[in-house]
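Look for chain A in each of the two complexes below; its partner is chain B in the first and chain C in the second.
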Partner chain A sequence: MIHRLLAVLSLAFLCGSAVNAEPFVQGGPIGSQTSDGYNALGPVVQQPIDFPHYRHAKDMGINCMYCHTGARRGYVSVIPREDKCIGCHQNIESVKDKPRIKKLFEYWDKKEPIPWKKVNDLPDFVRFNHERHIQRFYFRQDRPVREVCGYCHGDVANMTVDRRVKSLSMGWCVSCHEKDHKESVTNMKTSHGPNECWQCHK
Partner chain B sequence: MSESGINRRDFLKVLGLGGSSLALTGCGNTDVQSGVEVVMPNVHPEDFVVPGLSVFYASTCTQCGSACGVMGRVREGRVLKLEGNPESKISGGKICGLGQAAVQAQYNPDRLTQPMVKEGDKLVPTTWEKAMALLDDKTGPKSGISGEQFAFVTGATSGHLKALIQNYMDSLGSKNHFVYEAVSPAIGFAANRQVYGVDMPRLHLDKAKLIVSFGSDFLGTGASPVHFAREYAKFRKAPRGTLVQIEPKMTMTGANADRWIPIIPGTEGVFALGVANELLNHEEYVRATSPDIVALVRKYDRETVSRATGVRPELVAHVAALLWEKTPSLVISGASAEGHVHGVQNAMAIQLLNKILGNVGKTVDGQAQSPFPQIAPSAGSFAALKAMNDEMGGGKFKAVFIHGANPVFTAPSFMGFRENLRKAPFKVAFVDAIDETAQECDLVLPILTAVEDFGSHVAWYQPEGVEVSIQQPLMEKLHADTRSMGDIMLDLVKVRRAEEYKAWPDFFSYLKTAVVAVKPVVKYTDTDEHFWYDVLSHGLIQVDAPQQEVGANFAAAALDLSSSAPVQDPKFPFYLIPSERHNFRDGRHANLGWLQESPDPLTTVVWDSWAEIHPKTAASMGISEGDYLEIASQNGMLKVKAYLFPGIHPDAISIPLGQGHEALGRFAQGVGVNPFRILDPVFEKSTGEIAMYGTRVSVRKTGSKETVVKDEGPYNTQLGRKLVVTLPADVAQLSKEI
Partner chain C sequence: MSITNLLNNWSFYRNKRPYRGQYDLNRQYGEYKWAMAVDLDICTGCNACTTACYAENNLPVVGKHRFEHGQVMHWIRIERYWDEKMGEFPEQGTSFLPMMCQQCEAAPCETVCPVAATSHTNDGLNSQNYHRCIGSRYCSANCPFKVRYFNWWNYPSTAWPAPLEDQLNPDVTVRTKGVMEKCTFCVQRLSEAKSRARTEYRLVRDGEVLPACAQACPTGAISFGNIVDPESKIAKMWKNQQVDLYKDMQEKDNTVRGYRILEDLRPFPSVMYMERVRDAEA
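Up next is the complex of A and B:
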């Protein structure tokens, strides 16, 4: 009985910590299991501001592409322009005195860009196209955005600052490109991703 | 390679040792990584800026004087590529290699990034404040300088910068604006003015069935190569037009010709009169020609012409037969026919064929008349520099400004331009990279490149209407301490005319006001602001203007070429042909690595100079490819590698222009030789222009030899296999075909 009670309590504790303890701020060594079931494959990256993805994408339910506006339009997903952050945060009085927001406004007041570190940085000879993937899986197949972005980025909505949790190696890309995927939510015809070298190496 | 002490074998050894570490460290990011590189977001960009997606701006290419409209591809605030602007009647949506390389001029590591002032005999960095103070000290109102004592040398110029320079000269009370182009069309213009009554007629390549070109390299260099290449494509479409090229050294246009006829340099006019004589066997042509001309032309029978030109007599008749057979035709004269003592006469004799054949008004007619004389183009001449040099040698000028020209490099050594320039106590160069002329100056000011600056241009060859090409910045300036040429000129004008120019804080606002003033001419009815943005987004203002009247005036006396036979000097038996390459022109672009690397279309040589010599001549002198030759004129000697080239007259030697820089940065310096240096003081007799093809040289084999670096495979061997079946021209009986 006591064991069962302890198990329930510890489960509740774990669940609570998964939401509030900002799982990747401390992070674990490379290879360690993360709270959402992924393996942390990249190192913990110290960003200029500990951007809480979980607060925006999970707690507030904001679509990833509200900020990463390039993902549906071009090769790069785009780090949001600074005036986009300010556009919302100048109207959110409740968090204005939080250290991260203060830091954001410091950059903004100086009109300096925030020097974010790249987390998912592919080799220079690889050209990954966000648009193709987002158009196929989010718009045509109508899958949830957290799932579609999560194919390559993991469940970022559960992270504070982003950490690489997928291999992003060529073999890993190919393993998905070999599979058949539905054309769209209405078209049941399937096709797999391209496997010509030049699609990525140009 | 040999000058730096490394040969190919050593180079490969070093590569073998260092290659593995290079692969790891030299090629950037080779693995998936996190937290290494930084990605900077935009702080407050324009709404249309999407990182990763390109934006296109219309502007104008300034690599040569054609003023092609271009579209610049810009991504993340950096210009990456230029292509033609489809709305431009000049470029028609295309652009040449020279234009493509403008992007490289922008990112050139040898760009001048700060003002430099001469201390002792060295240029040292200074600030703009000090530079402008020095300018004011030497040329401002307190300097006491008079207009007579001031000279401004520019390259070919047009548009509102030209107007501003003119205003500055007016403010100084100076008439000494010298427009200098080392390879200028001035001789052709002079002939055109006499014959047609205009500087440059419009040539309808597309309407002709046959083009006979006397050394006009309209596809490679000349007035507007991109436009002419497009017209040429129309001319070659079915029914396919025929091109005959007559010149002493094969140009790119010559290589495209159906029949290429080598001729003794300077005798093109005689050949043209010989063809005219054959044509006058047809009664209808005689009726259309004045009797004194007929009488003159009758002196040029086949045999006489053949003896003078070195062309077989039957070919004279053959060209005439082609012209009789294929009408309308078009006869063009070009640089190699015009660059002689009797250049104007040569050009007029060639144009006489157009008159006899009735081409004037059909394939030769007038360009549109520009309604804006203030911004009309000045094409430049050699005579301008000569006049300036003579006055400077007399110690007349206290201050000399130089922009868009590099006369220390392009002036022949007999002029002593460098020494004369040193006599002027204050010299200022406005450049984006330090060239030979800037090195001699007391103050060197770094200006923006064409892709960073505003401007306007009007080409001297206008295919349709008048196109005012607008240049706008494709990106922010790359180096903080560089300034717009227009801004500098405006500041200088304001020194004496502050009140008149106070409305314009910068060249941008000056240009905008001037462009908006054009509104009534193009009948635009919307607001000024709309008009300005309309002009910027299209990159040009197209003005319908009335066509110039073109006449056909020939005086028999002006056409007599009987005394034009070249003077033979046994000490200098060869004709020197300083050929203009399509990519370097007069050498101003030799600092662009892409152009150095792109092979010469005819010889495929890269990163070097060479001397083209006919294989028969070479054989008689025991010269083989790569032999160093000493090529000497009365005014200098060049040591250059031989390249055996069948496309040249056996009595001629050709060295390409543009190489042999002593300055202009790492890509240009020390590469090749500069044939401008050894030109003889031979001048066209009516214009005073230098006769570029009038220099005679001797050739001596030095005994040393080096590989000619070129893309072409072993000469004529087809790698030991019969890859392409070929037939010698005499066996193929070409004359039966073309």
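Up next is the complex of A and C:
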């Protein structure tokens, strides 16, 4: 019985690894590590639409939080709803015949949500608050938005489909939390991030 | 807690707790100290707090058989006491005492954990990290209030059959077999309120956040708040009852009712109870 169970489990594991071509390796695949040891390229995620982040964030210079509106308000940064995309794109005639935009309008006409897949996924027992980080580094210290988001998400403005670039492990979180950061632009006082279990573990 | 932080602040962590100045409105991580006050004169023993806690904190209902084995998982329980002297009407002498984790400042459970799964937070809470816990149950043995509960069974697979898992609170972990758990003062609500307050450049207002038990109490017997703020309701209650957080022996008049349970063991609890006043003649 146990052998049969094991066989089923290993089969499931094999199927799972076949779907995700690059399984998660702590510290990233061999060769991808940088000197801090925490950079880890995540798997390539096949999204329903190859969303061009570079076009929006780099070429057009749109603030990340124009679409990811939850980042400054709450725990999750929010994948924008479809009407956010349509709100702009119904007025941009020049790209309406492009295949990605056609696909977007197909979903819109069918009244179906776009089944985006999660790229940066934390375990369920971790409470990560986007709001605190954005409020601290973007609004209080006035750092550029691409830098602030990039601490964890990497250079998304040069990507097409987003890909995880950091390991998002606890050691990686703590490596930043134990550094001293300036509290605001005018205040020279420094402090480090909170360093207790219940801050993140629920 | 990283090892660097531990080594850099060794003397801080070796300090005797609590000490004066540990909580201070001007300190970056000392501006909150959550405390509770339970008025036993108002408590009717209705168990609404227990029910609310079950709903908020994903507590499994263990069933009669396991209850008899002492494996019940209520983070807050109503203890009943009977007064022998009441004579003709003994039920007149019933008194109820809601017992939850007392969030001791010098917590006996923290010092004995072999893997540091339970530790003190900057808010004066006694935190329990389920993913670090190895289930030695030493903390429960050392707890004088017996408010730590051990998962003897794999409740996630049995306690919430098919549609019931929809009622689980996503902000609280569903604990698995072999870990210890206890009252958290609803830390998920506290951290959300603190985050909201910090965004608005202020401290959490008095009454802005309540744990589930205090929110559900129909008679308002449970009060909760930040004792560091001298204007808060809870700080005034502690002061009026002449109970001092930093003292293990209270010197007070006979006219006040406030006390902390097992104070002479010096755990410095964060929950103050107020005695029931009874007229035995009536």
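In the analysis below, the second predicted complex is superposed on the first by the 162 of 202 C-alpha atoms of A that agree within 3 Å, B and C clash if a C-alpha of one lies under 4 Å from a C-alpha of the other, contacts with A are read in each partner's own complex, and residues count from 1 in each chain.
Here is the rule we go by: contacts are C-beta pairs under 8 Å (C-beta built on N, C-alpha and C of every residue); 3 or more make two chains touch, one makes a residue touch a chain.
No experiment lies behind these values; they were computed from the predicted model shown.
In this overlay on chain A, chain B clashes with chain C.
By the touch criterion defined above, A:K98 reaches neither chain B nor chain C. Looking at the shared chain after the overlay, A:W198 reaches chain C, while chain B stays out of its contact range. In the superposed model, A:L122 lies in contact with chain B only, and not with chain C.
Legend: residue contacts after superposition of the two complexes on their common chain; A:Q46 is shown touching chain B, with no touch to chain C.
Shared-chain residue A:D83: touches chain B; no touch with chain C.
Judged by the touch definition given at the top, the superposed model places A:K111 against chain B, while chain C stays out of reach.
Between chain B and chain C, the partner in contact with more residues of chain A is B. In the three-chain model built by superposing on chain A, chain B overlaps with chain C at stretch 60-68, while the rest of 6-14, 24-32, 60-68 or 204-212 show no clash.
Taken together, the two structures place residues 124-125 of chain A in contact with chain B in one case and with chain C in the other.
Against chain A, the residues of chain B that register as touching in their complex are 27-45, 50-53.
Here chain A touches chain B in the complex through residues 42-46, 69-70, 73-76, 78-83, 108, 111-125, 163-164, 167-169, going by the rule given at the top. Against chain A, the residues of chain C that register as touching in their complex are 1-2, 4-5, 28-29, 119, 121-122, 125, 127, 129-132, 170-173, 184, 187-188, 191, 195, 198-199.
Against chain C, in their complex, chain A makes its touches with residues 124-125, 127, 129, 131-132, 135, 174, 177-178, 191, 194-199, 201-202.
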